[in-house]
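Next up: the structures, one after another.
Presented sequentially are two complexes of chain A, the first with chain B as partner and the second with chain C.
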Partner chain A sequence: MSHDDFQRHEASIFTPAFFALLLLTLIGFFLVAMRFVKGIGAVSNMSDGYPWGIWITYDVATGTAIACGGYAMAILVYIRNQMSYHPMIRSAVLTSLFGYGLAGFSVMVDVGRPWNAYNFFIPSKWQVNSAMFEVALCVMAYTTVLLIEFLPALLTRLEEADSRSLRRLADRLHRRIGVAPDRLMTRIEWARAGAAWLRPRLDKVLIFIIVLGITLPTMHQSSLGSLLLIASTKLHPLWHTGFLPLLFLINCVYIGYSICILESVLSSYAFKRPFETRELTGLAAIIPWVTVIWLSVVVGDLLWRGQLGKVFAFDFYAGFFLLEIGLVAGGAFILFSRANRASVRWLFVSAAMIVLGGALYRFNVYLIGFNPGDGWRYFPSLAEFLITVGIIAFEILCYKVLVKVLPVLPRLHGRDHAPPAAPPLTQPH
Partner chain B sequence: MKERDGWGREVSRRDFMRVCVTVSAALGLPFGMAGRIAEAAMADGRPAVIWLHFQECTGCSESLLRASHPTVATLLLEMISLDYHETLMAGAGHQAEAALHASMQGNKGKYLLVVEGAIPTRQDGIYCKVAGKTALESLQEAAAGAQAIIAIGSCASFGGIQAAAPNPTGAVGVGDIIKDKPIVNLPGCPPNPYSLLSTILYFTTFNKLPELDAKGRPLFAYGRKLHEHCERRPHFDAGRFAQAFGDEGHRQGYCLYKLGCKGPATYANCSVNRFNDIGVWPVSVGHPCIGCTEQALLFNTAIADKVQIHEPTPFDSYAPVDLKEKGKGPDPLTTGIVGLAAGTALGAGAMVARRLPVDSGTQENDHGAAD
Partner chain C sequence: MARPTRRGFLVGLAAGSAALVTAGSVFSGDPPAAAGDDRDELGMLYDATRCVGCKACMAACKRVNGDYGALAFERAPFDPDGLWDAPQDLSGSTRTLIKLFKQSESEWSYVKYSCMHCRKPSCVSVCPVSAMTRDPKTGIVDYSKDTCIGCRYCQVACAFNIPRFQWDSAAPQIVKCDLCKHTHLEKTGVTACAGACPVGAITFGRRHDLLAEARRRLAEKPGSYLGHIYGEHEVGGTNHLYLAAMPFNKLGLPQLPAEPPAEFSEKIQHTIYKGFVAPVALYGALCWLALRNLKKQPHGDGSRAPGDREEDRHEP
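Up next is the complex of A and B:
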């Protein structure tokens, strides 16, 4: 677990994309403020029939699955001991951290009485039999675990940071605020020494944190499925099954691997770094088998429950079911071919299909296949959408900034600190 | 409310308000009326009440006074000026008679007359005498100056057990003798103390009597058959009946109709208001209703007799389910923007995919997109 596997991406932070994302983030957070000032009805279309709108469906149920890259990679690296994938783990963990942190944030936006949320920290108030309690507890614990998993990146940066810009700033502020430069430097040295002291010790216990980080999503991703078990009369029979927890668990694994591929291809493309094709090809070989397990459970369960006929009803629900199955199966089918697995384009296309199909599965379970009774209808309001978009934009924004200030992306061997204008020609390893 | 030294024990404000709210609920009044009722109950000009006992067992007074929780009795006795009550007043003999006549003279036309017990009429009513006067004479004398009359219990309302065949004393209810005064019948053996309290509070609050049915019973308490609100009603509807006392069905709490329950023909609030402040009533402890609020049933039918069922099944039509559109659906602006965004994302994805190398891309990453 050498930290030498990672490096900072040296590029300007303030790009046009940065400002575009910032604008979306600001709009989103302005609407979040509106929600707290004027109430949840002012921004959302949620109702008694549909108390869970797009915030829970996307930000929590789907967002955490998309954030399962860290989980899936941790299984691969630490359980299957395939250390060649280790360079990819830090960006996966960072994505997971944002995904989960913002899922927790979305819940706070979504709950009707957020001022009661403090009860969550009082064990005597816990309802330990609730699947929702498990989800909440695991999401919080997993966010903490991800933070600790990500901490080495921050500590390395603290150790290696040159403090020239900070010193320049202190020099400018000198007369007005009166921070003595030598005192400032002492402080910086303390922080550096502290980081240097902590990092090797953290490295020693990190594996236990990582094991916890693998346990927690296994627990709560299945619980996300359990949440809908209770809605047996409301969820369409195509999706309501006792296997919901298992399906959600497997679903998050293939979404996790696929999102790692997407993320890697897109950041290589956007940051003009070489494609990590060798690792991606290896990852891509796992995905179709996971989806085959998932599809077998889905189809087998439909057969067993005698609901297979609903698929061929070709109504609204069957359409979405077929789309979901088609995307996942189509993506998996592409990846069965060795040639396609070695092609960046086909990797991207198939991973995108599987992520879309897997996410659609969660949308189907939480929203599209959910019918609370005659007359009820729901479609997210614009403000609801913009809050979700704002949260996603914030996630990407933070990712883009953090990879430029902290060592997150895989180190490019042979050419450290490549200037952004000249893309390196070498591939990692 | 000023704490007063009450009969029995003091009534806390909480208990007082609870009783006032209960009474206004029992009367079917809006919640806000509880305040007016509380004011009326606290007002100083307490109505004079003369309470006469004739052919009866004093069970009605007992059920009021011996409630395990004395709030109702305390309130009632605090609220009214009970000038004459043979079993409650301290005085006796001439002293008691003097109090009765003083009140009748002093409050002429203003007092409430409560009658408990039936009035014998055969042989000039010689079967019941107090102070040398027959019940008939006492009633006529007291009723002449009364503002209104409350006949409490089945005996005062329609003769009760005394009037059961062959009715040797010719016992009748108040309504058979007094024709020129407003009479409220509160039949029951005994009636619920709350019905008396509610009637008196209604009278003092609004200065009129509550709405009555054809038999002179206030509709707020006697407006519905107790069968309609019986806790065993689901068993009736499902056809689960106790066949004999102590059988399996009886132990399971099944419907008591086949044991002779008169609930389907009895208008009363027992199944709702209940008794003894602990929520019991005969049916709740396994005994069929004997129809004590109905002249045609009590002592005129055997306890085991089954009444004719006129509505064997529950109502078969339900309130329409509201099929109006609930919640907000898509609006054009949102769908437009979402569609545009989704289309853009798909298009951008397709463009990226097109620019990505088909091979492993390891030779050169020479795409033109800028960050």
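Up next is the complex of A and C:
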């Protein structure tokens, strides 16, 4: 938990990308407002046959898996004791925080009667048979845990900030509205002292919060699979199995590691920082084994249930099943090669394939393999799609701003990260 | 400084786990919803061979439950003045519906759709906030809009696609038959649809009696019916029963196994969360591992020397 592993990215916040993302965010939020005035039907193509559309399938079921980077990295660092990955954890936690926070936001857009959500906190209303109940409580708890896990970054910043811009802002305000400079300074000093007091104390107990942050996703990621257990008559037999919770759990782990690779490569590229090849190579060595476990469970379960023949029906469902399996297995196959694991390009390609395949698995379970009966069709409407896009844009926007405001990205140590052709290390120390 | 804090936290953790395990007894001790005795459970028997398709039941249902269930008239494209109620399917405004299935010019059958009032209802099993409930005595599956969060999991779960959602409302409700529990049943002792049926196609009564009546009809006129009472065994049995002369799956009543889907999903959920032991054990084991790992670290859990930081950090 050394805080010196991280640094702020020194660059301008107001880039062209910032404004593009802002525009998408505003469009999305306008449509969200429309949904609250005119009802869900006014913006979405969901129906009584397909009551869950892309908001649940992407924003919640898939988005939280993509936000499992923090979970996967925490397992690696704190449970498997690979401290060399510690520098990567804060950006992973931040993206997890956004992923989960916005999944929570999407749920509030998606549910019809959000004002009744307080019932989750009333024990007499608890319905422990419901996987949804478990998911809801765990996701709320985990978002809080992520906030606490991220708190050190904020506290460090508070402690070290020189608050020049705040003072400049205070100076620019009219005397009547603005705070007197000396009073402002006392307030800033208070915040600084508070942060300095809290941070070491938080450090002592942070590990228990972090472990909670590993326990909770284990629970709710498996429960995201359990959600569809009930749909035994609607979900295609290629996907409906008692192993859904286990498959969703393993699925989020390999998506988590792969997304860490993608994020690292993308942010190195976007922020013009050297690639973290050594760490990525190590991460990439884990992924194929996790996917092998997952693929074995998938195929073994199909054999056990006697449904393997459905794969060779070569119909609509078999096509999507094969695509999902092919993407995951293909990505894993690339990563089995030591040379590929040392190449940023192959790392990126394989991680992208695995994330896509893993995400497609969740789409298959929630939407594509879901058939409520004859006569029902679903394809997201433009507005529905734009709301999801707006939420994703908002997520990226906040990430881009926060890494420039808070110490999130791994600290650059001289030159030792720079050469991309560094010898591959499977177990770096 | 470090030790007392951590020890204090560990003590608190132990107390917390104990509390969780106690709370776990709440989690494991839920009685199965399906009752063994069907003598008290209320239901309806719909006999498709008697139905004449007059839709008096549909009109009665909307008249009686319109205000309580926030049901609106559904306009037809030819009727801009909204003189007619023209629902095409069950919907956020329609709890029951008559449809005509035509196999050929001489072979056809009416069919009535409404909630099946399952004995082990999926919707009740999945509702996260107990907005869907099953009355343990009457077996009526009821919905409370004051609790519902509108997540529509009941719609995903229902094998009959019965619960409907008010997609065009800013304060949408789930709409489904509750056997007029709060309206007509309270006042008159029968459901509005059964009371309105002019030909006795809808019989309201106790499940036990309805089954006996259905068997009597099957025995009396075996040639007029398929020899199957739909709902007797489907998904663990339903309190809304059907007799018909046409294959039920052609009438839009799906072929379903006798095992309730809710039993399958609850079995798995209960295995994982039995007494909340597994999550607590997982947390404990992970804490132990993480603490052991931290002790191995050269810097423990503290920061590096403060000097390191100052030389690294330069504000521009």
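Note that in this section the second predicted complex is superposed on the first by the 412 of 429 C-alpha atoms of A that agree within 3 Å, B and C clash if a C-alpha of one lies under 4 Å from a C-alpha of the other, contacts with A are read in each partner's own complex, and residues count from 1 in each chain.
Everything below uses one rule, namely that a residue touches a chain if its C-beta (ideal position, glycine included) is under 8 Å from a C-beta of that chain, and two chains touch if they have at least 3 such contacts.
Here the structure is a predicted model, which means the values were calculated and not measured.
With both complexes brought onto chain A, simultaneous placement of chain B and chain C is prevented by a clash. Once the two complexes are overlaid on the shared chain, A:Ser84 sits clear of chain B and of chain C alike. In the superposed model, A:Ser381 makes contact with chain B only, not with chain C. By the touch criterion defined above, A:Lys272 reaches chain B but does not reach chain C. Of the two partners chain B and chain C, it is C that touches the larger number of chain A residues. In the overlay built on the shared chain, the residue A:Gly49 is in contact with chain B and with chain C.
Once chain A of one complex is fitted onto chain A of the other, the partner contacts of A:Ser296 are absent, as it touches neither chain B nor chain C.
By the document's definition of touching, of the two partners only chain C reaches A:Asn119; chain B does not. Of the two partner chains, chain B is the only one that A:Trp346 touches; chain C does not reach it. Of the two partner chains, neither chain B nor chain C is touched by A:Ser337.
Contact with chain C, but none with chain B, is seen for A:Thr233 once the two complexes are overlaid on the shared chain. After superposing the two complexes on chain A, the stretch of chain B that clashes with chain C is 312-320, out of 60-68, 114-122, 168-176 or 312-320.
Shared interface residues of chain A (contacting chain B in one complex, chain C in the other): 46-49. For chain C in complex with chain A, the touching residues are 1-2, 5-6, 9, 13, 26-27, 30, 89-91, 122, 125-131, 145-153, 155-157, 159, 161, 163-173, 254, 256, 261-262, 264-266, 268-270, 272-273, 279, 282-283, 286-287, 289-291, 293-294, 296-297, 299, 301-304, 308-309, 312-313, 315-316. Interface residues of chain A facing chain C in the complex, by the touch rule stated above, are 1-4, 7, 10, 36-42, 46-49, 51-52, 78-79, 81, 83, 107, 110-114, 116-117, 119-120, 123-134, 136, 160, 162, 200-201, 203-208, 210-212, 214-215, 218-219, 222-223, 226-234, 242, 245, 370, 372-373, 411.
On chain B, the positions that touch chain A within their shared complex are 321-331, 333-335, 337-338, 341, 349, 352-362, 364-367, 369, 371.
Partner chain B is touched in their complex by these residues of chain A: 11, 15, 17, 45-50, 265-266, 268-275, 277-278, 281, 342-346, 348-349, 352, 374-382, 385, 389, 420, 423, 425, 427.
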